[in-house]
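Each of the next two complexes has subunit A plus one more chain, namely subunit B in the first and subunit C in the second.
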Partner chain A sequence: MQATKIYSFHGGIHPEENKAQSLRLPLGRPSLPSELILPLGQHIGQSSRPLVKVGDKVLKGETIAINNGFLSSFLHASTSGTISAIEERLIAHPSGLSDLCIILAPDGQDTWTTLEPLNDWQTLSKTDVLAYLSEMGIVGMGGAGFPTQVKLQGAHKKPLSHFIINAAECEPYITADDMLMREKALELILGIEILQHLVEADKVVIGIEDNKPAAIDALTSMIKQRDSKVQVAVVPTKYPSGGEKQLIQLLTGKEVPSGQHPADIGILCHNVGTCVAVYDAITFGKPLISRFTTLTGDALKAPQNVEVLLGTPVSHLLEYADSEPKKLSRLIMGGPMMGFTLNSAAVPIVKTSNCILAASKKELPPPAPEQACIRCGMCEQACPASLLPQQLLWFSKSQEFEKAEHHNLFDCIECGACSYVCPSSIPLVQYYRHSKSSIREAREATVKSDLAKQRFEARKARQDAEAAEKEAKRLARQKATPSKAAEKKKAAPAKAAPTVAAAPAATDESKKLKVDLAIGKSKLKKLQKQLLEAQENEHLEEISNLQLQVTEQEKAVALLEEQLAKTAEAAPTAAEAKVPKPAPAPVNDDIKKAKIDLAIAKAAVKKVEKALKKAEEIQAPEIEAIRQQLKEAQQRADELENALVNPATTIPKTETTAQAAPSSVDADMTKKRKIDLAIAKAGVKKAEKNIQLLKEQGKNESEIEASEWPKKLIEAQEKLAVLEAEDTTDTVAKSQAKAEPEMDLANQIKKEKIAVALAKAQINKLNKRLESAPEDADKINQDIAATEQRLQRAEALLATLIHSQTNTQENR
Partner chain B sequence: MALLRITSPHTQRAGRRTAWVMQMVILATIPGIVVQTWLFGWGTLINVMIACITALLCEAAILSLRRRAVAFFLKDYSALLTAVLLGVALPPIVPWWVTVTAVAFAIIFAKQIYGGLGNNPFNPAMVGYAIVLVSFPVPMSQWLGVQSLVSAQDTLTFTQSLQAIFQFLPVVESHALIDAYTMATPLDGFKTKDLLTAEEAFNTVPALHAANLNSWLWVNLAYLVGGLGLLWLRIITWHTPVALLGALLVMSGFFYGVDSANAASPFFHLTTGAAMFGAFFIATDPVSSCTSNRGKLIYGAGIGILIYIIRAWGGYPDGVAFAVLLMNFAAPLIDYYSQPRTYGHQKAKTGLKIGEDN
Partner chain C sequence: MFTVLLAIGILVALSLVFGALLGYANVRFRVEGDPIVDQIDALLPQTQCGQCGHPGCRPYAEAIANGEAINHCPPGGQATIQALADLLDVEAIPLDGDHGTETAKRVAVIREDECIGCTKCIQACPVDAILGAAKQMHTVIADECTGCDLCVDPCPVDCIDMVEIGVTAKTWSWDKPQGIAATSLNIIATDRQTEVAH
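Right after this comes the complex of A and B.
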């Protein structure tokens, strides 16, 4: 085994280790508490969705909550018992928040559910293994709780040069990983091998600080025994060598570029706890329901490491470790450098709780009063990120956030090394946190105000467009009533002025709208990207907010598109009004419309083709559907082309009979349809974009498949197809049959078609609901049946109508 | 149970508080003070005492005017440090009111007016020094000579020092007494060598006599020792002193090489005047200097160059005070352009422009 070269990182500190206390006693296994509190959000990302109801009986290891979207995880019962409540409880959170928790009253039997290990993981496809890990609720146990399957997927972006197992455990007091390595060296190595099978890195290195000789011995002998390729790299003890970025620098000499992830430079990091959890899940089918946690601090008489069930209240553990309530002055979850204080011991242990530090006043005295910064630079010498903490402090205090950002405030990992060394006892990290959140808030506020401004402008544009449209219509009517050309000619000059004015207004409007739309879309894209980034970057606070913004922006874009459609509608009308001669106008108009339709259809063909190509590239299962669509789209385009040729020859013959009345009715219909069309298109686009984004992110097919977007895409495309089909028939009908009865027929057909489309959409929707909410399956199924009936009826009616229409046309 | 709720980190390095830092710097001046007292009599010590009392009084007065916790801020030792630095920098027999003026100005105008510790853009001690240097040039140029060289053939006794410092009589009267003990500093002597070549000057000017040079060598060595102690305690980093002395060495070396007949050797420049004192105690004042390591290098080098320029071509024999003050002006700008390269960034950011990130 060749030794790994160890590099170094800037700064770092050597706080008192205080690790011996919790290693004196062997690993403990606390008794079952009277209730287990299982928060739904134990990981980064969306909270899990509960699968159980109050009163349900569950077995140990049974899934009680499933993932909610891509960045989420599963949750399992830590023991057998009854669900006594699903309610808000205090959770372990820096701000002492409450969150929805599943409360489990143990029955004391601790009966396992049937476990289904994944014995054939070596032959199964990797996606299946990843999906399995997700179902086992495995998340990063080092601190952040990033869903492991997501992290592993991210690692497929690039070939991995290093797979690093973080065993540094640099925080003072904590020895949970140390204990885990001593107790479960074999499991750890096997878990690493499983993960290595999944990621296929060139090099697998365990990074461990040199203050854990027993664990190092256990690992090296185990590696030798198994003749494993895993290397152990012993790094000097220095806080924060266990920080992901710092450990990467120590072991590879590379830095993770700012704003990027280790995967971007071909490195994957996992905590030892995670590796063991992976092993347990795959080999025994055991989901993540317990973890190693250090109980330590002067206020405990029996500090030790325990293997504890998730959901165990901290108070139960304090009791187990013989706490002296009188001595306890500060209760910390995590270590003294980066942990956070708890103000109640009622909070539960979650997947990421590596330590409970019950400190006495003597041990962690209240901080000394803050003095002025003397710019001594000690913080700078200690900062592992090579920042200038004193400058950041200055800017934070004076609220010069731009300067703070320029000084890379967001590269601060909040390790606390600067605060630790500061001779003036300045709580630097606190200032940075405050600045960061202020900056984030400000950013969100700008986005929001932008949105508001956009909405206002859109509304104004819409109103203007409506006014212009009305005006144009009025003019059109005026023009249509006097049928004699002579009168018209006389009236023309008088009318010309306002009409001409209205028309450019309309085009202006549409131009502006288009610009707005483009802006809105790019903003949407940016927001979506931000959202993904936030999800990856684990900026929990941002995620929900961004999601909100994305939805809003989507709405705004849809609105704009709708308006654009309307204005586009208004513009031809206005243009029509402008043309002084009545006869050629409708021809032009119709041809124009047909041309537009044709262009749209062609674009649709192209789009579908593109989608097909994409789908083929990634061998998505929806290829067939897309091909089908392509065919349809092509047909449509052909039809339209025909129609375009036909009316050009037919319309001049049909003359201008009764042109005004139908056109206004028509206009309304078309408008509505166009709006629908626009919305449907936006839907398609959105779905495509999302798929694209997912792909960009390097998610593989199964992941994309797993997300609901492909489904949405198909759905949206279906709707679009229906709408476009209507458009086509309508255009064809309009151009071929101008007589009143036929119009009626056409309208009826149209209506039925819409009904069919609606019914289909509803079925789709219901199906989706069925998937997401299996508990109301019966009701939904009924609904589906009803809708299907409706659909059939509508289809039958449509068939007869079309039949009669064809007849009429043939008769003519 | 009332649990403490604060954000991380929950622990601090024990001991090393700001007051401790200040105390250590004060302690590090002891070798220098001892050597100065040994060479020039009790004047230095008396100066330091006067300065300390003045500083504490001024600081307390202003703090109470500003309605701050007097005891809390007095205990940070920063006023005392300023006083000590001024006390050793002033000539040993300078009249008491010069010291008082310098210290009062340093504390009140250079420090408290800007908002107290940590907010002063200029090194308070050097502001005070510069003020009295400009205002009272005569007493400021009266340095004592080593006993073997002055006409009195002795250092002043304690009472003589007291008398000299608290002399209320017109200067003319005391002149005779004092003149027997005073002598120009080597830098002064070299500055006023007029048309003599360097070699002639070293042979003829009394202030440039080997014994006087040696005494200043001792003073500088003493401050070097104190400065190394600060380095060892990691209270200062090596950047500023090394850059300062390096620049002074390069500058003097270059001009000595070009014109050895009229320029003094680098050794002369590094071992006379306030070279070491300035490099380790004045230029390293954290508040008014640059803050990043790269910045400190630039800042130190700037001071070194300016010291040489002032010594060689300026109006004053030594230039530490003015050089430091000038570079204080530049410090914020240097700071903006000398940010270190942050982890994960290709290169360091410079300036304050926000647009060109990364």
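Right after this comes the complex of A and C.
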């Protein structure tokens, strides 16, 4: 076995080791705690998905949660017992937050489930072995808990020159890996051999610091005994030689380029704990349910290493190691350099917990106050990643994250060497962590906003397409109606061939016209918008000017539409010639057209109303004119509606049967009533809004009274009430008259329920308003009373309906 | 005399050459579209809530490019204002309270058993984050919801709540250290409190 050449890395520090304390006692095995807390997110990546329910009985080693995606892992019961809860519990995390955990109440039997070792791993395909490792819940046990199978898969990108086993354990106080190598040297070597079989690296090296002579002895003798090809490379003790990139540099002299992984330069690194876990899984079929953890610190009377079941609460371990609560000033998970403070001892041990440090105040004094950076450069000397910590600090403090990134902030391994040496006691790592999370947050926000933008644009495109389609259909209908009239006038001769030939030409022309029309319309829209804006900003000169333009543009659009209709005549005529349509079609078309006209008229009414409101707001002089317009528009809408209702009922229905006709009249009636109802509702709303507006403008009560709005409001409310009453009585009567009442009843009940819900919601809203605007208490109280009446009515109706429903059911 | 003419001649020649070069570059490397609007748009949170007074984020981006104030976007908050200020090289100003206040991140949640299936909220949602059909229960896809609030008002039975997204262990981020001023001003080494700890 030739000695491996040892290189060196930049920087590094030599903090006090403090490793002896925890090595005095032999490996301990704490008793079963009263409950095990198994967080679902013990690894990097998505949290696992629980497989068990509360109350399930599980055996030791049974799978209780499965992976949730690629970068995720399995979770197993650490002992046999009952799942007592699946709930949020405090977890070991620097945030001190809770996360979802499976709580297992042990039954004390510790009965293993049937284990299925993978005895034929040498002959099985590597993918199968990797899948098996994933099912055994094995993740990197040294640091972040990266799922082992993912790391192994990544190693197949490139032929490996080195497979490095990280046994450096450079952080002060921690001796868990040291103890593991002493206790389980054989298992470690066998595990390494399994992994080597999977990755086929040229060289397998265990990197270990020279402060662990016992472990080194154990390993070398075991290697000799087994005649294994594994090499042991002893590196000098220097923090942080156990950092992945640092150890690689020590053993191979190669630097992992910024932003890349060791696998990119043909190197794979695994922790000793992971290798042993792999061995246990493959040879015995034991999933990852326990680990070696160091319990140390001055506040413990019996510091030692323990083999502990995952999920054991830290408090249980502190008790086991005889902690002195009085001495304990800070509880740390991990080491003093890279660990984090625990606010509670209730958190559990997870797959990555290598140390619990119960420190006294003397051991870990509170940090000295931060002072200004004196640019001494000591941090730069210490940084193992060859960064410029003072520069990073500068950018982090001033939130110039982009520049920090350019200075390779993300290559910082948060080792704390810089903070350790800083004479100004600046908590440099904290600044870097803050910057990193800010950058990460910003990135996530960008991803999210991009998604929102995409969806918004997709929606807009869809809506535009829908609108265009509707528009096209509308146009098609519009040209269909007059063309038929024309056809009748022109009579049969038009059917001759020339018309058919002319059709394509006509379509071409109509296409062009359509485009023109669309352009004209969009122009009109723009102008209208400008007009509105001008009105808002009270630019009077602009208003009149714009109004002129709007009317002109409207004319132009109308002209275009007319033309389009005319040109289109020819085409449908031709079409008609080929496929004569059934007679009733034009009648239907007429109705449709009338309906469309009505809709347009209504829209016009709305528009004018809006303008009126605006005008009133700014007390413009043209109020009267607009009112006049409104009246006219309203009239037209009413006329149209009448026209629509009457002819629709009188139109002879050739296709529909005589029986069907009345029902359609009925439907029309209800429709009309509904429309009335909606209009009345809108009226109420409008009046309310206006009153509100007046109030906002600081008008006092008497002025408001003087304006016609309150009156209007009351009128509108009355009308609404009448209409609603009609509606309900009518529908009730109808539903009672119906031969098959049940379905209708059910519908009716549903509707009433909704009405009740609506009324309730409205009362809620009003109450809220009452709170926020106590000065209008009177009015709001009135409203509330009215709504409550409505609610009662609706509820009474609902009760009768339900009653009649049960009655009919009983009668059957 | 000759030298003067020569100098003038050279200068004229040079200016012609560089003028031609610039002219060519202008044609050759012409940038399509309006890059500044795109850049501004990329900084806006794309909530599409309309609180800025524009029908969506892009129209506001266009308005900013045309000189509107950069502090009208409440969902983006101070961070967006800062980013816009950096981009446009203007001063970062506080958020304009008329357009709303910065709130914690929220998502809409429909109380599903109260929903009457009127689809009004679907029509209001600018990012299609609500799932449902007429007379069926509706629900919000939390991952797609931008928390814009627009679906709350249209709901006739008031069954949509805006719920704050709490911080989980996965989304938690480190606080910024307090800095020098916040601690003490013990500048002299012997004042440092490390020694007191014994």
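Simple rule for what comes next: the second predicted complex is superposed on the first by the 442 of 812 C-alpha atoms of A that agree within 3 Å, B and C clash if a C-alpha of one lies under 4 Å from a C-alpha of the other, contacts with A are read in each partner's own complex, and residues count from 1 in each chain.
Following the convention adopted for this analysis, contacts are C-beta pairs under 8 Å (C-beta built on N, C-alpha and C of every residue); 3 or more make two chains touch, one makes a residue touch a chain.
Note that this is a predicted model, so its numbers are computed, not measured.
**Student:** Given the touch rule stated above, what does A:Pro94 touch, subunit B (first), subunit C (second), both, or neither?
**Tutor:** In the superposed model, A:Pro94 contacts both subunit B and subunit C.
**Student:** Which partner does A:Pro366 reach: the first (subunit B), the second (subunit C), both, or neither?
**Tutor:** both
**Student:** Going by the contact rule set out at the top, does A:Ser353 touch subunit B (first), subunit C (second), both, or neither?
**Tutor:** neither
**Student:** Would you check which partner chain A:Pro427 touches, where first means subunit B only, second means subunit C only, and both and neither mean what they say?
**Tutor:** Both partners, subunit B and subunit C.
**Student:** Tell me the contact category for A:Asn271 with respect to subunit B and subunit C: first, second, both or neither.
**Tutor:** After superposition on chain A, A:Asn271 lies in contact with neither partner.
**Student:** If we overlay the two complexes on their shared chain A, which of subunit B and subunit C does A:Ser22 touch? Say first, second, both or neither.
**Tutor:** After superposition on chain A, A:Ser22 lies in contact with neither partner.
**Student:** When the two structures are overlaid on chain A, which partner does A:His407 contact: first (subunit B), second (subunit C), both, or neither?
**Tutor:** First partner only.
**Student:** Could you look at A:Val256 and tell me whether it touches subunit B, subunit C, both or neither (first, second, both, neither)?
**Tutor:** A:Val256 contacts subunit B only, not subunit C.
**Student:** Subunit A residues touched by both subunit B and subunit C?
**Tutor:** 94, 366, 368-369, 371-372, 425, 427, 430, 433
**Student:** Please output the residues of subunit C touching subunit A within their complex, sorted ascending.
**Tutor:** 41-42, 44-48, 56-57, 79, 82, 114, 116, 126-129, 144, 146, 156-158, 167-180, 183-184, 186-187, 192-194, 197-198
**Student:** In the complex, go through subunit A and note every residue touching subunit B.
**Tutor:** Per the touch definition, subunit A meets subunit B at residues 9-10, 13, 15-16, 94, 96, 172, 245, 249, 255-260, 325, 328-332, 334, 336-344, 357, 359, 364, 366-369, 371-378, 380-381, 384-388, 390-391, 402-403, 405-408, 411, 414, 416, 419-425, 427, 429-430, 433.
**Student:** Can you list the subunit B residues touching subunit A in their complex?
**Tutor:** 1, 3-13, 16-18, 20-21, 72, 76, 78, 116-119, 234-235, 237, 286-287, 289, 291-293, 296, 335, 339-346, 349, 352-354, 357-358
**Student:** Which residues, counting only subunit A, touch subunit C once they are in their complex?
**Tutor:** 41, 91, 93-95, 97-99, 361-362, 365-366, 368-372, 397, 399, 425, 427, 430-431, 433-434, 436-438, 440-442, 445-446, 448-453, 455-456, 458-459, 754, 757-758, 760-761, 764-765
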